[in-house]
Amino acid sequence: MSLLSNSTKRGSVLIVGGGIGGMQAALDLADSGFKVHMVQRDPSIGGTMVMLDKTFPTGDCAMCMISPKMVEAGRHLNIDVHTLAEVISVEGDAGDFRVKVKVAPRFVDADKCTGCGDCEVKCPKKVPSNFDQKLGQRKAIYSLFPQAVPNTRAIDSSQCICLNDPDKKRCRLCEKACKAGAINYEDKGKEIELNVGSIILSPGLELYDARVRQELGLGRWQNVVSSIQFERILSASGPYKGVVQRPSDQKHPVKVAWIQCVGSRDNRNANPWCSSVCCMYATKQSIIAKEHDKNIEPTIFFMEMRAFGKDFDKYVERAKNEYGVRYQRAMVSAIREEPGTGNLFMKYAAEDGSLMTEKFDMVVLSVGFQPHCDAEAFAKTFGIETTPYLFPKTSPFAPVRTSREGVFVTGIYQGPKDIPETVMQGSSVAGSVMALLAEARGTETIEKELPPEKDVAGEAPRIGVFVCHCGTNISSTVNIDEVVAAVKDQPGVTYVTNTIYACAQDNQDMIKQTIKEQNLNRVVIASCTPRTHEKLFQETIREAGLNKYLFDLADIREQCSWCHKGQNEVATKKAIGIVKMSVAKSRLQEPLKSETVGVTPECLIIGGGIAGMTAALSLADQGFPVHIVEKDSELGGLVKGVYRTLEGLDVQEFLKDRIEAVKEHPGITVHTGAEVKQTDGFVGNFKTLLTDGSAVEHGAVILATGGIEYQPTEYLYGQSPNVLTQRQLEKRIAEGENPKAGERYIMVQCVGSREEPNQYCSRVCCQDAVKNAIAVKQLNPEAEVMIIYRDIRTYGLREDFYKQARDLGVIFIRYDVDRKPEVAQSGNKVTVRTWDYMLNRELSLEADWLVLSTGLRPHPTTDQVGAMYKVTRNPDGYFLEAHVKLRPVDFPSEGLFVAGLGHAPKNIDETVTQALAASGRAGVVLSHKRLAVSGIIAKHKRELCMSCLSCLRVCPFGSPYIAEDGKISHNEIKCMGCGICAGICPAKAFQVNNFRDDQILAMIDAAVESEPGVLN
Amino acid sequence: MADVAEAAEQILVSTVEAPHDTPADWTPNVLAFACHYCAFAAADLAGVMRLSYSPSVKIIRLPCTGKLDHIHILSAFEKGVDGVFAAG
Amino acid sequence: MIVGKQKPFDEIWDMVKGFKKVLVYGCNTCVAICHAGGSKEAELLASMLRMRAKQEGLDLLIDSAGIERHCEPEFFEPLDEKVKTYDLILSTACGVGVNFLADRLAGAIPVYPGINTSFYGAVPEAGFFVELCGGCGNCILHLTGGICPIVRCSKSLMNGPCGGTDKGKCEVSSETDCAWFLIVERMKKLGTLEKLFEVQPPRDWSTATHGGPRRISLEHIRAYEAEEEKKATLTGEGK
Amino acid sequence: MKSGSNLERVIASGKMAVTAELGPPMSADPHEVIHKAGQLKGFCDAANITDCQTAVVRISSIAAAFIAQREGLEPVMQMTCRDRNRIAMQADLLGAAALGLKNCLCIAGDHQKFGASGKLKGHPGAKNVYDVDTCQLVGIMKKMRDEGLQQGGDKLEVAPKFFIGASWTPMGDPMDFRPYNLKKKVDAGADFIQTQGIYDMELFKSQMEKARNLGLHERTAILAGIIVPKSAMMLKYMDSSVAGVTVPKELIDRMNKAKAAAGDDKKKMRELQEQEGIKIAVELVQQALEIPGIKGVHIQAIEWESAMEPIVKAAGLYPRPVLPAE
Amino acid sequence: MFAARRIEYVKTLLKKVGIDPARLEMYNLSAAMGPRWAEMCDEFVDRIRNLGPSPIWLASRKQSEKGVTEQ
C-alpha cells in the first residue's frame, strides 16, 4: 500500500514488548492510522502487570483492567501480534527501518487452534509454572495464564515428551485431543521481515534475583518469598486461590514481614538505583493481605518510605492507621529459619543502631527491577546508546527518545516506574511517533470492506441457531443434539444446526452461507463467552450483510460445560435454558445504527508552560492546528524560575528553544494574556470562547494549567534575611553568587507538603535539595550543607545524585513530622534545633542560610477551568484523571486530556512525558474524520421524560444534560452504555440498546420456562 | 463437631415465609445478573479454570450492575424463580 | 413539586384484596420524580400485589399503567376506555390526582390512594426531598429572608425562635434546622435584620385551607378558552 | 395597677420579686395541687401553674391556678400557643379572669413530640395549633385589657385585667438575636419576663447588658430563672440536652464532689447532692439579684417544692412582703 | 454501588410480599475471582436449597394442581 503513497516514510511501527506500556502505544497508534507490529518474547502479551493481583493506591484488580486491553490489542485489525518472537536485526533510518524478526516454534498452528484447551487437559507432563513463580504447576502444552492473548496454546519444547523423543513417537496425546488438528510437532519457527517507519522499545525489565543475597534466605527458607511470588499468592486465580498461606506448610501466617530495597539502592551487592515501586507495592500487599486475612500483622522494614506519587502518602497513612501496618526503619542483616517450625528469625539494626531479632511466620522480599540479562545485546541490535547501567540513554527534555532517531523507548526499560507512568509513556511514545510519521498516517492501515446491510425492518424474526461442540469441550458434557432439538420449535427460530468449531474459518464461512440461504435475520451462536468471541461473530454476520447487533452469543462452555463436567444431564438442561434465553433476547433484537460525529481536527491547550508547549509542538507536528491559551503575558509557566535539572542540564536554554519553536511553528496560535471565558460541546466538537475575544472550535482540549510554588509562612520565611527557598538559592547560584568557605547551608524538606491539610508529597523538592546541595558543594567544597528531611525521595535513577551528594559530604539528618525542626534568629545567623534519631539526641545547629524545600500546589485557575470543562478535582485540588492506573492523561469524558502539574506534582521529564502522552491521546481523537459511537448506548425517550434529573445526577459520563429548552436531553456521543440512567429513571425514559427491559424480561421468562419444575 | 456446627449453620429457617414441604421434583432455579466487566468475567474464569459448581445458576449479562432495575428482580420472583443474585 | 411516599404495602393490600381486576395507575409528574408513583413504581407495586395475590390463592388480575399527569383531564383521555374495564383503580398519583380521577369516574369505579401525599418540596439531591412551602396562600417570604417559618418552623412561629433552639437545630429533632436560626443568619447576610424587630400581628389564615376549599379562577384565560371552544363548535356546525 | 395582682404590687414596690413553679398532676384529683400550694405558700409572691408542660396532659393551668388561689397561693396561669386557637385562647382568658386570676404567662409550648418520653406515650400524633405565637398572644391579651377589644375587633363589655408575662431564653441560639426577641415581647406588651433557667451567670450578664442597652429593663420586669439542681446527673443532662442552657463545669464538679463524698451510700449520695444543690441555687439567686435591671427571681424546684423554703430563707428573701391591695 | 443499594431496597419489597429477602443477594467480584464465583454460586444455591421453593413457585404449583383436580 505504501507504494501508492508519495510519502517516503512508512506508516507502520514496530513495538518490541507487549506489556501494558507497549499495548497502550500499540492501541493509540493503531487507533489513529498506523499499522503496528508487536513483537513479544512470551507466548502471550500482558507483561508484568498480568501477574499482579491488585494495584495501588486504589486496590483495583489488575486483571480486570488489563484483560480488556489485551483482547482489544489481540483483535485489532491493525495490530499484528508476533509472540515467541525476537528482533534479530535492524537496518535503515528513521521513517524506514527494515527489521528481521525470529519467531520461535510454537508447535501449535495459530490459524487452526481455537484455544479450547482440550490438549492441555490431556497433556500428562506437569512442570512448575513460571507465571505462578514456581508456586504452582502447568502442563508442557500451556497458555501462559487463563486470559492469555492470543489464546493459542504453545508447547514448551524443553518439557514436551514427544519433542524430547528423538523419534517423536512418544505421548502425542495433545495431538489426539485436538479436534482442530492444530498440533504440529514439526514446527520449525520462522523468520519474518518487517518494514516500519519507527521502532518503540518496551521490553520491560527483569526482576532482581534475590537468591544472590543469601543472607535473606530466598530459595533456602521456604517461607521467604519474593514480592512477585507474594503477588501470585494474593491472586484469586493464583496457586493458592488468594488464600494467604505459607509455602512450607500451607499454614496461615500471622506475622509477615516485608523487606524493602532488596536488590535496589545497594552499591555493593546489587543495583544502585531505586526501583521506584517497591515501597508502594509492599504497602499494597500488606493491605491486601490484611483484607484477605484480618489476623495478619504486617511489618514493613524500610530505609525510606518513597510514597511520592499521587495519593501515595495518603495510602501509606491508611495502611498505618486503618490497617495497622507497622513501618519499621531498619537495615535487615540476616534471616534464619527456626528448625522444625518454618518460622523465621530476622536480625536487623534499628535506626539508632541497636541490634534486634524478631520472629516472623513469613517474609516477603521486595525485589527491585534491573535491565534484562541480555540488555547489552538488545541495545546493540537496535543501535542505541545505553547508560553504564544498561538503561537506554534518554534526556529529561526528551524522555522517550533514544540516541537513534526513530527509535523510541517506553516503560520501565526507560527507568523504573509504576503502571500509570508506564501507560503515560506508552501514549507519550505514540504521540512522538505520530509526530515523526505524520505524513504517513493512514498509508498502511487497512479497513474492512463490507457488503451493504440488509434491511430487516418489519420482518418477522428468522433466527438461526448454531450450537457449537467446541471439539469435545462442550459436547463431552452437553448433549448437543438435545439442545438442537429443544431449540428447534422456539418461536422465531427457523434454522438450527450444530458445528464442531463455530469460530474456525470454515465454519464461519458456513454460517455466512447459511444466513444467505436461509434468509436469516437474527443469529444466535451457542458456544463460548461473549467477552472473547462476540466481536468475531458480530463481524461474521456483518460480512453476511446483517447488522452486527442482530447477534447473540449463548455461553454454554465457560458457564456450562466447563463448570459442570460429569453432570451431563443437568448441564444439558442448563445449556438448553441458556440458549432459549438467548433466543428470547434475539427475537427482540433490532438493527442498531452506530452514529458518527464529525471531528474538528484542532486542539486547544490551556496553559503555556512546558506541558502545554510540548503537547502543542507534538500535535502541530502531527499536522493538527493548535491554540495555546496562556494567562500570563508570556509563555513559560513555573519553569521560568528553574535553571538546571538534577542531571545538570540547562533548563532556561531548553525553555528558550521551546518558546521559539512554538512561536515559529505555523500550526500553533498563541493567545497570551487570555483565559477561557466560556466553553461548550463534546469530543470532536468543542467551542471555546477566550477572553481575548477569539472563538476556537476544536476537537480536543488539553488542560495544562500547571502549578505554583507554596509560599511558606513557617521557619522565619519572609522575616529573616537568612531564609530562602530552594528556588531562590538556585537563582543565586545561577547568577554567580558563589558559596563561601565555611558557610553553612541547612535545608529543610517537606515545607508545605506531607502534612494536613496538604497530605501529599510534592515530589520535586528532594531532588531540588540534592541538586542545590551538589551545586553548593561543587562550587565550594569548603561550604557545608545539611539536609533535614523526612524521607529522601530520589526515586528511580535519581538515586545516583543522592549518593553523589553524600559522597560530596552533604549531611542528611532525618526528622519526624511530630518533631519538626525549630528555627530562631540569632544575630546574623539562624539556629536550627532538631532531633537526631541516629544519635538519639537534640542537635542545635547554626546556619548562614536556611533553605526551605517548598512544595507545589495546583494553579489557582485549576478549579475554575475544571468547573468550566466539568472535570473533577481531587481533595488536594488537582485534576482527577479518568483512571489512576490505565487512563492517566484522560478524563472520564472523551476528548479532554490533562498534562503537567495540574494533574499532580512532577519533574520536568515527567511533565514532558505526560504532555507527549496528551498529544498522543488527542492525536487519536483528531486523526479521525468522524468518530463512531457504539450501538450499545442508552436511548432517551424525551416524550416519557419529566426532567427529574436523576440521570443527570448519576451518570458518570455526563451524557444527560439540560438542553436549551430547559429539559433533559441525552448526548449519545458521550454515552458509554452502562445503563445506570436506565436503572434509576422513574419514568422509564431510558433503555439501553440490546439490554432493553423487554429483552431482559424475555430472558427471565425463558429462564423460568426452561425449568420443567415451574408451572405457570 | 465441626460437621455439626456447619450443619447448624446451614439450616436456614425463614422467618418471612410460611413453613412448607419441598416437593421431590423441585430443583433450585437461580438467576444471576452479572456485570460484563467483573462478575461475568469471573464466571468465565471459573469455567476456564474448570471449577465445578452448582448448575442451578443462569446468568443474565448486563453492561453494568447499575443497569439492574428493580422490576427485573421482582419479575424474576413473580415468575417463580427461587433466588436472584446480582454480582458486579 | 408535590412529594409523596408509597403507603405501607399491607395497607394497600387490604384495600385491594377484595377486588378482581385492579389497575395500578401511575402519574409521571411530581410523584414520579420522587420515586413514589410514576410508571415504574406502579409497575413494581403491581408486581408485588400479583405475588401476594398468587400466594394467597386469590384470582386477582393486576395491571399497571401510567400517564403524564393526573391533574388535567386531557391526559386521562387515551386510557379512559381501558380504565373502565377495571373494578378498582389504585392510583399512585398524589391526592389531587386521586380526587380528580375519582370525580371523573363519578362513582363508576372506586379510586384508592396508593401513596401518601406528603408535602411540597425541593430535590436538593437525587432521592432527597425537603419541605419548603406550606401553600398557605399568603406569602411572607420577603420578611423572612426567603425561609418559610410556617412550614420550616415546627411551631409556625412568626416572631422569632422559641426557647427550643439548640445549636441551630430544632427541639423536634437534631437533624432539623431551626428555621428561625436560619432566618436570623440569612437576614444578617442580607443586611435586613431590623425587619425582624417588628412584631408581626396574628395572621389571616383564611387563605390557607382554613378558609375552606380554595380555587383560583383566571377569568382572562378561561374566557379565551371558552371563546375558542365556542368558535370551534360554531365552525363545526358550519360544516 | 394593670391587674392589681400580688406579683404586680411587689414589683411595683421596687422589692425583688420571687416566683415559684407548680406542676399540676396527671390526675383529676386536686390534692396534689393543694399539697404543693401549701409548700410554696409564703415563700414566693406568686407561683407559675404550668400548662401541660412537655406536652403531657395534666389538670389545666386555669383549673389548677384556681385551686391554688383558693389555697391562698397567688398563681401565674400559663397559656401555650400549642393547644388553642385565638378563639379558645380569648374565651379561656375571659373565663380565667372571671374566676379571679390575675397573672398570665404566654409561652409557645413544648412540641407535642416531647409528650412521649420515658414511660409516657404522650400524644406525638396530636395536631398542634400555633394559630398565633407568643408575641401575638401577648398582644391579644394587651389589646383585650387596655382597649377592651377582642383580637378581631369586637368589643368586650368587661375587659380581663391580666398582668401579662412572657418567657425568655437569653442564651438560646441565635444568641445575638435573643435581646431583640425580648424586645419584641416587650413591644407586644409583656409586663414581666421569666427567663429560662440560668447557670452561666457571666453569659447571662452580657445578655442582660444588651437588653439594658435596648432599655428593656425599664419597660418590663425581668425575673431571672433559677432551676434548683438536684444531682450531678441532672446538671449534666441540662448542659447537654436542654436548649439554651449551659452549665459551667465548676458547678458540675461541685455536685460530683458532693456525690463522691457519700461513698457508696445511695441515700447519702442523694442528700449530699440536694444540700449542695440548694447551696448552688442560693448562690445563683444572689448573683442574679445583683445584675442591674433584674427585678426578681423565678425559682423552679421541679417536683421538689420543699426546697423553696430553705432557698428563699438562705438567700435573705424571707419573709415575703405583704402589700395591701389597692 | 447503585446496584447494592437497589438490592437492599428490593429486599425490603420482597419481605413485604412474604418472600424471604435472603433469596436476593448482591456480591462484589473482580474479574480475577473465578474461584470466588464458583464458591459463591454454591453458597447461594445451598442457601436457596435450604429455603426451599419460592412461595410463588409453591403457589403456582398449588393453583395448577387445583386446576387439574377441578377439571
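Couple of notes before you dig in:
In this document, chain identifiers A, B, C, D and E correspond to the written order of the chains, with residue numbering beginning at 1 in each.
The working rule: a contact is a pair of C-beta atoms (placed from the backbone, for glycine too) under 8 Å apart; a residue touches a chain by one contact, two chains touch by 3 or more.
Everything numeric here is computed off the predicted structure, so don't read it as measured data.
The fewest steps needed to get from chain B to chain D, moving only between touching chains, is 2.
Following the contact convention of this document, C is the list of chains adjacent to both chain A and chain D. Comparing the chain pairs C-D and B-C, the larger number of C-beta pairs in contact belongs to C-D. Comparing mean CA positions across the assembly, the chain most remote from chain A is D. Averaged C-alpha coordinates put the centre of chain A at 52 Å from the centre of chain C.
Once the centre of each chain is set as its mean CA position, chain A and chain B turn out to be 34 Å apart. Centres computed as Cα averages put chain A at a distance of 39 Å from chain E. Residues of chain E in contact with at least two other chains: 2-3, 6, 13, 18-19, 30-36, 38, 53, 55-57, 60-61, 63.
Each of the following residues of chain B touches two or more other chains: 23, 26, 29, 37-38, 41, 43-49, 51-53, 66, 68-71, 74-75, 77-81.
Pairwise, the chains that touch each other are A-B, A-C, A-E, B-C, B-E, C-D, C-E.
Those residues of chain D whose C-beta lies close enough to touch chain C in the complex are 81-82, 86, 108-111, 113-114, 128, 130-136, 139-140, 151, 167-169, 172-174, 176-177, 180-181, 183-184, 187-188, 196, 242-244.
Every residue of chain B that touches chain A in the complex is listed here, in rising order: 23, 25-27, 29, 31, 36-38, 40-41, 43-53, 55, 58-64, 66-69, 71-72, 75-76, 79-81.
Listed in rising order, the residues of chain B touching chain C in the complex are 69-71, 74-75, 77-78.
Every residue of chain E that touches chain B in the complex is listed here, in rising order: 1-3, 6-7, 9-10, 13-15, 18-42, 44-58, 60-61. Across the interface of their complex, chain C is touched by residues 944, 946, 948-950, 953-954, 984-988 of chain A.
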